[in-house]
Every structure is written in C-alpha cells, then in structure tokens.
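In this document, chain identifiers A, B, C and D correspond to the written order of the chains, with residue numbering beginning at 1 in each.
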Amino acid sequence: MIKVGIVGGTGYTGVELLRLLVNHPEVALKAITSRSEAGRPVSSIYESLRGHLDISFSEPDPALLASCDLVFFATPNGTAMKMAPELLNAGVRVIDLAADFRLQDPALWEKWYGMPHACTDVLAEAVYGLPELNRDQIGSARLVANPGCYPTAAALGMLPLVEAGLVDASSLVADCKSGVSGAGRGANAAMLMGEVGESFKAYSVSGHRHLPEIRQTLSWVSSGPVELTFVPHLLPMVRGIHATLYARLRDGAGDLQALFEQRYADEPFVDVMPPGSHPETRSVRGVNQCRIAVHRPQDADTVVVLSVIDNLTKGAAGQAVQNMNLMFGLEESLGLRQVALSP
Amino acid sequence: MIKVGIVGGTGYTGVELLRLLVNHPEVALKAITSRSEAGRPVSSIYESLRGHLDISFSEPDPALLASCDLVFFATPNGTAMKMAPELLNAGVRVIDLAADFRLQDPALWEKWYGMPHACTDVLAEAVYGLPELNRDQIGSARLVANPGCYPTAAALGMLPLVEAGLVDASSLVADCKSGVSGAGRGANAAMLMGEVGESFKAYSVSGHRHLPEIRQTLSWVSSGPVELTFVPHLLPMVRGIHATLYARLRDGAGDLQALFEQRYADEPFVDVMPPGSHPETRSVRGVNQCRIAVHRPQDADTVVVLSVIDNLTKGAAGQAVQNMNLMFGLEESLGLRQVALSP
Amino acid sequence: MIKVGIVGGTGYTGVELLRLLVNHPEVALKAITSRSEAGRPVSSIYESLRGHLDISFSEPDPALLASCDLVFFATPNGTAMKMAPELLNAGVRVIDLAADFRLQDPALWEKWYGMPHACTDVLAEAVYGLPELNRDQIGSARLVANPGCYPTAAALGMLPLVEAGLVDASSLVADCKSGVSGAGRGANAAMLMGEVGESFKAYSVSGHRHLPEIRQTLSWVSSGPVELTFVPHLLPMVRGIHATLYARLRDGAGDLQALFEQRYADEPFVDVMPPGSHPETRSVRGVNQCRIAVHRPQDADTVVVLSVIDNLTKGAAGQAVQNMNLMFGLEESLGLRQVALSP
Amino acid sequence: MIKVGIVGGTGYTGVELLRLLVNHPEVALKAITSRSEAGRPVSSIYESLRGHLDISFSEPDPALLASCDLVFFATPNGTAMKMAPELLNAGVRVIDLAADFRLQDPALWEKWYGMPHACTDVLAEAVYGLPELNRDQIGSARLVANPGCYPTAAALGMLPLVEAGLVDASSLVADCKSGVSGAGRGANAAMLMGEVGESFKAYSVSGHRHLPEIRQTLSWVSSGPVELTFVPHLLPMVRGIHATLYARLRDGAGDLQALFEQRYADEPFVDVMPPGSHPETRSVRGVNQCRIAVHRPQDADTVVVLSVIDNLTKGAAGQAVQNMNLMFGLEESLGLRQVALSP
C-alpha cells in the first residue's frame, strides 16, 4: 500500500482526488491537511464522502507528511514550491496539482504567475505529468507537475499533428470551453450561479496562464516555432472541457484519422472516436478519459480537432492518480476504470 | 459468475444498469435486447460505454434469455408481464424495473396503468424489491418488482414514522421533485431542454401512478388507514429526487432522530444525516444511496423528512443490482460502492 | 414625472428595479447610491443596461435623496430603518424592498432579524405592500414595506382559502422552491454554480425569516389561529419561485376554482389558470405576474394550490413598481406589461 | 396600424415574434396560422401570452393573408417559397424567417437544403435582411429574407474587418456556440434535457447550412475570395449565441477598436464594447441587440472578435421586427427597446 498525504484538500481538486483514492486498492490515506478546516471530519464538508472516509482535516504536519510515500499538493499556486523541497529531501515523492512546476523556465513562470519561483533547482528536475508524452520519465520521477486542465485537452488534441509536422504550428487556434468547477471553490461573486447560469462568455482573451503551458508542450514536439491563439470560455455547467482546435494543414497531410488512431493506439485514456464523431463532455464526466475526433471540413486545408475531458479528472485529479500509478509501478488504470454517468 | 440478460436496454434505466454491471465482479453479461437497435454495438449509442463493453443489441431471443440466471426488464410498462412467466418456467430469475409487478392488486394496476394485468398468478408471487423492507423475501424471490423512483424516496423517508405509529397516516403529504431523466429517453417535445430548462413546475397533481405504490408500501407497515397527497414536480436538472415529506405527529412522538438512526443502523444504503441537515441531491448522484434528514420545525406537531436519491440509481438500476446481490447471495453492496461526484 | 432615488442599487433587486424603471414613462431617475461603486457608471457593472441608462452610482447624498418624490431602498436588512425617518420628514415617500418594515411587531422583527428595530414609530405607519390585500392603504401610504418573495407567492395562493374560512388555518404547509437569485449577489461560496448547479436541496427547515411574514399576512384575514410549516428549497436555476401549498379543507368547501377566479377577477397581476393547470415558473420570468392553479386531488380533503412568481419581479422590484404606481395615482400596470420570454 | 399575419406560429420563432408584436404600438395582428393547432387559443399553448393576446390559431386562409399588409413566415424551410409569390402578387409584403430566400444562388440553395427552389424569379428580388448591411434596400423591399442566427452573429463580428480589407478573408474561423432553442420545438430525442443538459459538444463540423450564408454575406463586402471554417456547438442553456471569430491580420491593421466603433456608430442594435471586454450572452437575452468586443491577443497577428446575440431575437424574430419597421417607415427601434433580464 502506498502511504499518501494530501496537502490542501478542501478545494474541488482535493475532493476529486479523495473520491478516486478512497476506492483505490493500493492507497492508504495518511493525512489530509487544511489550515482552515483542521479538526473537521472530511465527510462533514463533503457529503458525498459520508460512509467512505473516516478521517479529519489536520494542520500540515511536516513529520507526518514526511512519513508518506507520496504527497499530493492540491493547494493554490505558490504553496507546493515552498514545501516540496523538504519532502523530496525526506525521500517523499510529490505530485503537484497546482502550477508551480509546470513551466520549466522560471522567468516565464514569474511573468505569468506574478511571483518569483521559490526552488528553481527542484523545478529543473520536475517532470511534466502528461503520460501520453512523458510516460517513462514519470515512472522514475521524484516530482511530477500535473498538467493544467486546458493544456491537457489542447495538447492531446494537437500532439499528433504537431509531432508529425503536418500543420503550421505558428498559427494554431485553441478555442476552449470549461465548466465552472475549473474556477475553484473559493467565494467569488463572479462565479455565483446567478452570474454564470444560463449564460456564456469568453474570458482572459488577452492572455491566460495556460497559454505558455500549451505552447511549451507543443514546442517540445515541434520542429518549428509554435504560436497559439488560446481563448478560454465559461460554460453554464459544472464539469467538462471541450477544446476545439484549428490548424492549417501543410500539403500532403494524408489520413488524419489513421494518424490519431495510431498515435493513441496503446493509450488507455485517450479514445480516438470514429470519423465524423462529435464527442460530448458528459461522456467523460468523472472519468479519466480524453475523447478526440478529427475533422477536415470540406476537405479544405484547416483541420479541426475536438477534444473533451473532465477538467477535474483527466484535467486534474484523475491524471494525478494515473501519474501515481506510473510512479509506483502499478497498472496505469488502477482505480480509474469508472464509467461516466449517462445521462 | 451470474449470467445476466437485459431486455430493453436503450432507455436511461438500461444504460444505468449497464454502467453498474460492466464493473460488477460477479456478472457476465450475456444479452442486451432491443428491437429498434438490434445489431448496433451498445457503445455506439452510449459514448460513455466506449472501451467498457463489447456487445451489441440483439433481437429478443427466448432461448438465449432462458439460458441466463437472471433477466432484468428495463422495458416500458406492460412488457415484462408478457415475457416473465416463460422465463420463470425456464428457471430464470427476473427483476422488473418497470411497474408490471409493483401493485399487488390487479384491479388497482389496471386502473392506474390502463391495461389488464397479463399474469395475475405470477403477480401474486412477486416480491416488492425494497431491501430495507423486504430483504429476506427478496433473497429467495424468483421475481422481484423493482420499486419506482418516487416510491423509494418517499417510502424510505416515511417508513420509520409509520411503522412506529408516531404519525397520523391518514393525512400524509409527499412533495417530490425529480430531475428530467425520470421521464425517459423517448422523443417528447415536453421534455426538450427548451421547454424544461430554467423552469420548474408540478405535474400530475390530480393523480400519478406512483401514488398507489407509495400508499401500498406504507399500508403494509401501518396499523391504520393510509392517505397521502402526492405532488410530483419537475426539476431543471438531469438526475436526482428530493422528497419533502410532511406528517402530523401524534402525542409523545419522542426522539425522532434516534428513531431514524436505529431504524436504518444496519442499512448500507440509507444514510441518516445529523440533526439539522439538508441533504443535497448531488450527494447521491450516480450512487445507490438514500440520504435522510428529519426535522421538527419550531417543535410543532408537523414532522418534516427530507429524503434524496438518484432516480436512476437507488431509484432504479442501483436498487435492481442491490436486489440481484441479495437474490444471489452476494454481498449486498458488491459493485455499488462508488462515491458521488462532487461537485 | 416622479423623481425617483434608489438607495443600494448594486444587488439583484436593484438592477431589476432599474430594468423596470428605465422604460417607465412616468419616472425620472435622479440618483442611485452605492458606497462601494460610487463614481462608476451603472452600465459598466450591468452590461444589460448599456444604452439604456446614463447615470453613475453615487455616495448616498441626503439632500439629493430628499429632493426626490420617492426613494426605493434596495439595501440589506437594517439600512432602511435608519434612513427612512429623515426622508419621510422631508416629505419623501419610501418603498423598502428589504424586510425592515414587513413585520408589524418589533419584538418579532428583532427575534427573526437579530437586531432591535430602529424606528418603531415609523414602523407603525408602514403599509404592507401587497396590492391584492392592501390596495387602498398603499395608495395613501408614505411608507410601504414591499413583501418578501416567498410571502408573496404563498400569501396569494392561500388568501382566498383562508379569507373564506374554507381550510384549517392551523395546519398549513407551504413547500416553496426558489431560484438562486433570491440569495443575492454577494460573494458566497455556498451559492457558486459549482455548489448549486445540477442539485436541489431544502434549507432553513428549522425556521426561515419569511415564516413570520407569511403567518402575519394570513392572520390578518383568518378568523382563527394560523400555523404554518414552511420549507424553502433552492432550485438549480436563476429566477422563479414555485409555492406548493397544502391545506385541509373544512366540510362544504364548494367550488374552489370559482372561489379563486372571483377573488382575483379584477387583479391585473394574478392569473387564475384553468382547472387542471400546472403553472411553470418560466411563464412569469421577468414579469410582474402571479399564476395560480388550484387542485383537489382525488376529491379528498386536502387542497393543493400551485403559485408561481418571479422572485425578483412580482416578488420584489415589479411589485415595488406596482406599489409606486398605486402611491402616485398612476395606472397600476404602467411600465409592467412585458411578456415573459418563451422559451 | 400595420395589418400583420403570421404563417406557422407554433415554433420558438413564432412565439418570440408574438411576444414582440403584442406590445408593438403600430401592429394589428390579423391572423396566426397553424394547421396542427387550428382553433386553439394561442395563449393555451403559450402560457406566457395569457392576458396579452386574444386570438386563436387558424388554418392558413389565402384571402385573410392577402388582406394583410405584411406576412411573416415562421415556418419550416420550404414553405415560404411556395406561398410567397401569391401573396406578393396580392400586394402583401413578406418577411421569411426561414431560409428559403437567404441564398441568392438557387443551385447553392438546392445543394444545402436538399430541394429545388420553387420560385427563383421571386428569389432574385429578395433582400437579405441584415439592416447593418442592407438598410436602404430593406426599406423598399417587397420580400425580405431574414438572416439565420449564426450568420447574424458571425457577419456582424466579421464585417468591419472584411470590408476594410484588414484580414485574410481566405482563412477565417468562426467557432460558434448556441443555446438549445436554436434547434426548435419539435419532438427530438437528441434535444431532450436529459441529453443536452450539463454537457457540451460540437455538431455538423463537416458542414452546416449556415456556412454558405455566412460566406455569401462576407463575399459581398470582400475584395478577395472568402473561405471560412465554421464549427457550431450546442450550449446547455436555452437562449443565446456566442461567436468567437478568428482572422489573420494583414500588415498595418491599425486601431481595430476605432474601426468597429466607427463602423457601428449609428447602429441602434450593435454595441461595440470597451477594449478588453467579454460580452455575455445573457446581456442580450430577449433583446434585439448584438454586443461585440474586438481583441488582439499578445499583439500578434490574429484578431479575435467576440459577438453575442439572442438567437431568437436579433438572430430571428427581433431582427424581423426591425426589418418590418424599416419596410414600413417606422422608427427602427419601435417595439424593440426592452432591457435584458439581469440576472
């Protein structure tokens, strides 16, 4: 059994992680910390966990965390980079679900996140936890940066095209739509149901923090420069991301359906749908799955990729569990074989 | 492994049953029939099942069904009563998720369902599949009538009070609210999202088919006559039932919280919440659970019970799996330990 | 033209009032105050008002307010009772959309609102602004207490029965459901769409502030004592209240449909629907209308009344404009003849 | 008063038209036809119209329609082209809210709509009813083709850029999202709330009928060839369209904000929002308004335009009333000055 600690378990990412871990056969949950809720049973805050979990939130206790095999950080940006080094020194492995270790360039991190990076040495060894790209490195990593939700959906949809050099990577468009849970559980008038129910809008068009992360991932696999226009939108629903991706095909692009099917043939959590499909976000709600369809409308030179995930599962906690499985040599899909609710 | 057949697997109850059965460790799915979809892979209709189920819908084949240990009917009302007798004769056990065997009085059935009952002899041996009331009989039953969704929520909320004779059973009120999936998957302009989104209304106030079913259940445990005003409402959401139940307390009602806690102390799927609680339907979404809170506002003589279930899980397919587990001597919660999504 | 001021225009009630007043032919809007937003154009906060209103929020200015003919308070509870006396002395008439003047008994007010009443003398002259009950007094009132949203829906549904003495007023049940806008626009994690979307629950079952208000209204017209069980619920939608009301009929209740039709025959904003109807909340969205249907299921002795309003319109700002029209001798429906969106 | 007839008033477009016309001061409604509902009062089908409209659906009566000044067609595609010629001959003016007269090339119409055009001579004189482009021609038109919903949102967002020749019109992208009311009121299992609630997906990526219409409009104002990738998506809400438009800027694009502000300076129903804005669909719900924001992220060479309308109002019935006002020399905004509900 893997002894697991969670730092910051009160947000949506934290409770999603708990949902997956309480039924994971190889996990023993040792600690869930929350300064604000210390002492309260987890199930008193999350009704859904009543009967599944008999543990209370605790103050962060370095010794207790240091006794774990693995610590997940489900904290706001800027926390993990302060606590991770000590844990790593104590031999604990770390998966950060926040953004602290996602951008390899500390200057870029500081630009987008508004604070200097606290441990650039540790940052240098962090592995970007997208298993479909970095499976082997994740397996041996001490520190995994769990990808952002939009970057997961966008990268999985773009990777085959950019890797194969079939598109002009300097003029990509990612039109992405997310459910409201992506904005977290903090009190925020802008996310009241009275504000976002029955409505739809774009946000952060001038620049969103996930932009450099998507660009970084695609740059790793591109032979040329990567430029991206990324527009996030807010959907009037709770969970789910839909990325609609546009790219200009180079001449001789070939069979795109086959390209995608081959690229993801062995991936347990990427489902390339039949030609002509339109994946629905509900088909991945609560499950660690990405479903993709690739289109070439009117046989013109713009390819359209549709990519859906659950922002809290494959876009956060599910992918973190997938990474944990890889890091500890377990079957990659252990604890992750749920079927999405339908309807 | 239990060899299982499903008749009529294309509706919401059918796909929910599939969702639960594909991960059930003791079930081997032998057949799913649908006249309209015969030949099509199940996962081509239900995207959520892609990768989990490699079976196609088939025409109903009596021989194949007769080779099963158990057949679930997820058909419209009136189908199971025609097919069940032959299967029972062949030694197959049957769980009907429709209403054919719910009302013990054939005349009452005919009155509310508008057709004569096709097999009154078989009806006489059917066991009403509410485990919290009929656990032992279910275990040995050949034919189980799976309860309706509203009746499950209402009965579980009322049972302790009526059994103990603490309320005037002749003036009960059940104000119930259901998500739209309760209306099924048939094309119906009244259930378009354009009609029911962002709106709320009551329906069938003059009389709903679940009224006699609730009355029947409560009559079994009541020492006096049972009269009930039942008003169903339609919620602008997909899953979930909330029953708000009102009853007049007799003198000396005592500690209602303790009454409920004791009544359901050993029930794996009924959660009596702490005093002052207000269960949310989302806390049981997709799980086979009923959560209940009991209130006595202003210490007056009206007791208010709040009871929530997922109409498709504890209100249909989950309860059917629970009944299957009981019928085949398995642990009652096998395959039913999922945690509800939150948020 | 009536010179109008609004104190506290940043909440949902305030913007709804603005929506109605900008198109009202007899209103000249002189001031909208907000300490937090002073100096900002109203339309910079409320996109919907762009092009309709060229005014900025201002600090509350006693002299400016005193120059108005009418001041609406769309403030939190406890504000109007501090400012109203001075305005009344200056000859300004006042409509309070908060609760400060709704309960005539100061002790009751203090019990439910947790603070002593600041101007009991003024409270004594306040008129409860339910036109269907107090039309004449409203016309001559200096100070009108605009009713609460639940109390409007519940009272209009119960009034005919209680006035006529046809029901046992000592055992009434009001099962009410409201959209989320009733909870206001303040930052509140419990009202995030991530918390209340796709879910349903009761709240404040032990006692809600609108309970004494409903009881007070019904007591005015009842010949006997009034006791009420009031359970509010939260709907996963933005606007609308549905009250489902239950009462025990006395012998010889007669033709309830005719009773309701006659009671409201001359009311411009109460629509008694045909027998067998189930009013939808969307049919009154954004309009100053209450639609009512009366049922007597199975001809038993429980009457069920369905009553729907928009919590922000007939339940707040629309009713306030209706009261304004009455106070200033205008046609009662002036500026209030919009048709609800459908769908 | 304009004598108005409506053919096919039972769909969402029809009832939206009624909502606007019943309060229009210059309209006298003479007939609303519906074969399926002939004889039934309109308000018995549309609760929202109770008290506002005292007319019944009737069988289409050529003589009665011929006595009108104006007939609106709110029928399925293919109906208006059969009935319009006779009405025009009788001196009646016609606005078709369906697609029959939107594409000027009959061959293109036949390709996308699957039937030959029934009156190509009349088609030749039809004016495309986008006032922001064709105001003068609309004023003198006998027959107006009311634009589609997506084409309205997309064209208004793209027009300034394409007219000015600032973008490469051969590689445009229109990523559009619509509420479910765009799919109409017909019984259709795919549009059940159980299917489309809490989910999001693209559809018709291979080709949607509004693609040639958008291309036609932009071609009228472009100096070069127009190519467009158009991807429609379905939002889990009732009303609203959000078009997110992407184009490659040519060198020296200049001040885009000023370009849009100048282009629409005199337009009563196009609101160019301040720099950095993100219009919400709810800000135009139920109103005949288009709100637009123009962005140039990271000062790169891709311009992003956000354009929102209500698909039933500016995208259908509201624009039809705007066209009617122009055709009959009325003030363009008569009957169209409502404020959107907020929240």
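What we mean here is this: a contact is a pair of C-beta atoms (placed from the backbone, for glycine too) under 8 Å apart; a residue touches a chain by one contact, two chains touch by 3 or more.
Computed from a predicted structure; not experimentally measured.
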item	value
Intersection of contact partners for subunit A and subunit D	B, C
A-C against C-D, pair bridged by the larger set of C-beta contacts	C-D
Identity of the chain that, by mean CA position, is farthest from subunit B	D
Intercentroid distance (Cα basis), subunit D paired with subunit C, Å	36
Subunit B-subunit C separation of Cα centroids, rounded to whole Å	39
CA centroid of subunit A to CA centroid of subunit C, Å	45
Residue numbers of subunit D (touch at least two other chains)	12, 181, 185, 194-195, 197-198, 236-239, 279-280, 282, 285, 343
Residue numbers on subunit A that touch subunit B, as the complex places them	12, 15-16, 19, 22-23, 46-52, 181, 185, 197-198, 238-239, 271, 273, 279-280, 282-283, 285-287, 289, 291, 337-343
Interface residues, subunit D side, partner subunit B - complex	12, 180-181, 183-189, 191-198, 236-238
Interfacial residue positions of subunit A with respect to subunit D in the complex	171, 173, 175, 177, 194-195, 197-203, 205-207, 227, 229-231, 233, 235-240, 242, 244, 246, 248, 276, 278-282, 285, 293, 295, 297-298, 300, 302, 304, 306, 308, 343
